[in-house]
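In the two assemblies presented below, chain A is common to both, partnered first by chain B and then by chain C.
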Partner chain A sequence: MFDPIDFLNYLINGALVGLLYALIAMGFIVIYRASKVFNFAQGELVVFGGFVVWWMVIQTGLPLVVALPLAMVMSALFGLAIERIFFSRLVGESGFAMVMVTIGLLILIRGLILVLFGPQVRPFPIIFPLKPVIIGDILIPRSLLIGAMITVVVGLGLSWFFNNTRAGLKMTAVAEDHQVALSMGISVKRSIAFAWALGAVLSTLGAIIYLSGKSLNFLASDIGLSALPVALLAGFESIAGVLLAGLIVGAVQGLVTAYVDPVIGGAVGSVFPFVIMLVILFIRPTGMFGWRTIERV
Partner chain B sequence: MDPAGIFATSFARDAALVRTRPQQIALALFLAFLVLLPLLFGPRLLAISTLILISSVIVLGLQITTGYAGQINLGQAAFMGVGAYTTGVLATKLAMPFWLTIPLGGCSAALFGFIFGLSAVRIKGFYLALTTIAAQALFHFFVLNLPWFGGSNGLTIDPASLFGFTFSTDISIYYLCLAVAALMTFGAYGIVRGRYGRAFVAVRDDDVAAGIMGIDVVATKATAFLVGAFYAGVGGGLWAYFVRFVAVDQFTLFNSIWFIAMVIVGGMGSITGALVGVVVIKCIQEGFVSLGPSVVAQFPSIGGDVVFALMNVFLGSVIAAFLIFEPRGLMHRWNILKRSYRMWPFPY
Partner chain C sequence: MLELSNVEVLYSDVILAVKGITLAVPKGSCITLLGGNGAGKSTTLKSISNVLMTEDGKVTSGTISFEGARIDGGDPAKIVRNGIVHVMEGRRVLSHLTVEQNLIAGGHMEPSTQSMRRRLDGVYDRIKRLASLKSRTTGYLSGGEQQMVVIGRALMANPKLIMIDEPSLGLAPMMVDEVFGVLRSLKDDGLTLLIVEQNTRVALDLADFGYVMEDGRIVLEGNAADLRANEDIREFYLGLNLEGERKSYRSIKHYRRRKRWLG
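And now, the complex of A and B:
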């Protein structure tokens, strides 16, 4: 019954999907880490990025080399626009208001996508070759493998940026407390603007890897919610930690889908990340690498 | 505050909900309007009114959890679904009467909400909102996979009946919803003005300070979820008897967000605001739905999907605009207006 090759297949594929979640989760974390806003609209940003890429490549027919960087620039501008229109007015407001605004954004962006691109399912351009990588008996989708490499590089790079450079540390200060950051001469607005631009770019990158060669419509935003448990397990402040968390969640989810689903029937695998999320929230809400804040009066 | 020159001379007067004669008259007129509404409106408007009543019950619950206790709840639709399914299962499998199934639906939803509210033991702020998203996902999973709920086919429910009278017509179900909504509104006023309501507000404004004053912060947060989910469950029960068909895709995360939008537009921290928010948002929704086809008929190039999409754009902008420019909602505007005319002719 138990086949070690199958097991390895599920494990590796799960882990790679987990790294894709990690890339999406990085969008959450970057925005949180530089602006103290928890962005519920992350999934919509992914879909928006996906549609921009689709529009550039399929509709306008630009070559990939031009289209992908252009799509990144456009999504960065979109992120900046979000900051300009909404969050620059909310500096110093309660976290509650900001989170609620991201919920409003979720609906707004979804509506905009439906107005601009319609609800039809679109074919997404094939960015990575479809032929899987075969190592021995293990079959790995090429897009996920390349995506995983990109994720690791981006993750380590951003982690270095936030922990070691002056600009990154400034943003970290903003994530701790807006008022304190302001009083130390750090521009909260600029930090938030950068966070949203970066978050939108990461989402577009995620969309490219996630959707390459698949089909695209507005329901793809569900991946935003699937990535939540990864962000939570890592702790919302840790960018490098999200890589490890993605591997763990993805591998466990892959194994559960493969071995528990046939037994129980139904989509245990799809709901499993949320069970993980609840367990984390009850046991250790700061995740593996999050900041543990102490409140004193 | 009361109009100039009116002072409460007894505790009963001071604690009264309806404080002045004009208020009594306005309330009586409003209730008379609600009672006579089926005679005035056609079937479509009646159905919308029934939906507004059901939504008000649910949004009242959300107002208590989010508006008063300050806990973001993205799972109100799931709690509503738990209520609807409990009501459906009890009514079809055990043939219980509606006056048992609706409260029991409320209780089961309350239990479900309480479990997620309990996570407040260790977490606060938006982390708590994450547990409610998990609630939404788990609800879908359980309904689709446990054997009693009809899976993806949904549940069909017989009309409610009382002493041989069946609530099968639109008008009778409207009166049932009206009665329950009135009761629940009255209850909500009681909760928020009492000891628990004050504890909710204290926790919302500053939970550290509330804890120091001797309020059990964790219990208060969990209670807020319990009460809010109970309201959602009762609303879900009414929904089950109104639509007489319960399916899992009636209770999505998106529906929860609509409920939150109603609370924000109406005004957080006001029971009346919740009702105002429901009416305003539902009317806008129905306006888009009913005007949409004629607009599309005029300009066929737009296409029917765009109307629905524009509704989302509009709603999203409304939520954001209210949070940025008027975080306390329409009720706050109204209260400013009321204060100024009550003060008149004095400047302040």
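And now, the complex of A and C:
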């Protein structure tokens, strides 16, 4: 029968998973804003970040306090390298060409990971304690709870940065219009490079929260796909909106998985976010908080 | 201050939009560049700011120099840093941002937040209208207000020379006067201006010196007063005949109506 405690459990855990999706979606959005490229390889960036952390902590044996910042730096460099090698040559090319490059990138990074780290399933270091947080009868995985807090802080912080600081508004100007940004003396190339570095760092952060204490192989990139409806639902320009979109998608997914899946006996839970996404896109094509085309009549 | 000599601009390696123009903008002056559609006025400005880069265009011959140093083909960001700001045609506001955010983004080169704030106050002081619009989304402002925003944003970059492309485009006559009022106040404060206009009357009222472009070439140049008195300008750009009355086009054959510049 219906148990309110179970319901709360599903709801809260779903929402926390949703916030994890939101963190990954932020990576999508940061890159999209600056370079107008929808990066299909976002999930691969997560896996790459995960493997870098694994390699440093498990293989090299560095302590976490050293390994995690170092992994962030390495993923930032990786993002910069991607931008420099592939995208700085494509300035002025069609969006379609760039999206095709990201698909190529997806395949390339996947191959690179297989060559560098092999296909085996690796144990990911335990970064957050495994003991769940228990409030009354509600059980919350500690990594998700801490991760959710990090996501909210990072999301609100980035949102403030992009809307209030000079450096952030520079990036926002680039998001609006490359030519105008250029005429204002903003280096568009540098902004795009920074966005890729930031996107890669966010992915690595996502990997740490997602994979803490779990196992890791190249298939972990599926989380990129799960984050997609969150990014689309929020709209591709809004960083703060992605938090709310993540909560909605996660909570609904959690509840549907718990209550509908057993009845139908299928994976409705994993399909449902995409259904929400399609419905929202019918009603508001730019997502809930995306930039709507401003038309003056 | 700014000198162009024999500048040619080529788009996509085939279209010659500017066919060797020479012009000078002395320090503290207000120069206007007149001409019809497709004459190459906007392209000339874009070649100076090198926004041309994004449109697959380039300067193929001639030189552009600013304060004695060559700037043609340079990095647009560096050109702005040197003191030339290009206000592009069509009121290109950052439409999803507020007026204040637009201005702050324009002041991104200021060394500190305090100096940026001072500059911001200076802009609000000069263009009073913007102060009351601070937190409005610029995409929803009226055309005249948007024009004020982009001029204000240009001022935030602390320019020595402002190049402004068709500030009167699509504005009501009253707004045109207000925009040119702002430009006049800038001129009075000693800022150098290069204005591209199709509205010949207001442009020549403000400018000291004018160039007329047609088909990628400069066909006429002179002091604003001389240009205002020039027979061809009066007839073809101001729509007046020699007596200062409106001309009836009904009495002329259509093919004679347009001035053909040879050269």
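Assume the second predicted complex is superposed on the first by the 293 of 297 C-alpha atoms of A that agree within 3 Å, B and C clash if a C-alpha of one lies under 4 Å from a C-alpha of the other, contacts with A are read in each partner's own complex, and residues count from 1 in each chain.
Following the convention adopted for this analysis, a contact is a pair of C-beta atoms (placed from the backbone, for glycine too) under 8 Å apart; a residue touches a chain by one contact, two chains touch by 3 or more.
Every value quoted in this text rests on a predicted model; they were computed, and no experiment measured them.
Q: With the two structures overlaid on chain A, would chain B and chain C clash, or do they fit side by side?
A: Superposition check on chain A shows chain B and chain C fit without a clash.
Q: Once the structures are superposed on A, label A:237 by its partner contacts, choosing first (chain B), second (chain C), both or neither.
A: The answer is second: A:237 touches chain C but not chain B.
Q: Using the superposition on chain A described above, determine whether A:63 touches chain B (first), chain C (second), both, or neither.
A: It touches nothing on chain B or chain C.
Q: A:277 in the overlay: touching chain B, chain C, both, or neither? Say first, second, both or neither.
A: It touches chain B, and chain C stays clear.
Q: Residues of chain A touched: more by chain B or chain C?
A: Partner touching more chain A residues in the overlay: B.
Q: For A:136 in the superposed arrangement: first (chain B), second (chain C), both or neither?
A: In the superposed model, A:136 contacts neither chain B nor chain C.
Q: Quick one: is A:228 in contact with chain B, with chain C, with both, or with neither? Answer first, second, both or neither.
A: A:228 sits against chain B, while chain C stays out of touch.
Q: Please indicate which partner A:173 is in contact with in the superposed arrangement: first for chain B, second for chain C, both, or neither.
A: second
Q: Once the structures are superposed on A, label A:187 by its partner contacts, choosing first (chain B), second (chain C), both or neither.
A: Only chain C; A:187 stays clear of chain B.
Q: For A:118, select first, second, both or neither according to whether it touches chain B, chain C, the two together, or no partner.
A: first
Q: With both complexes placed on chain A, how many Å separate the closest C-alpha atoms of chain B and chain C?
A: 14
Q: Per the contact definition, I'd like the list of chain B residues that touch chain A in the complex.
A: 70, 72, 74, 119, 121-123, 125-127, 129-131, 133-134, 137-138, 140-141, 144-145, 208-209, 212, 253-254, 257, 260-261, 264, 303, 305-306, 308-320, 323-324, 327
Q: Which residues of chain C touch chain A once you look at their complex with the stated criterion?
A: 49, 51, 53-54, 56, 75-77, 79-81, 85-88, 92, 94-97, 101, 104-110, 113, 116, 137, 139-140, 153, 157
Q: For the complex, which residues does chain A have touching chain B?
A: Chain A residues touching chain B: 38, 40, 86, 89-90, 93, 95-97, 99-101, 103-115, 118-119, 225, 228, 232, 264-268, 270-271, 274-275, 277-278, 281-283, 285, 295, 297.
Q: Which positions of chain A touch chain C when the two form their complex?
A: Within the complex, chain A touches chain C at residues 91-92, 163, 166-167, 169-170, 172-173, 176-180, 182-187, 237, 291, 294, 296.
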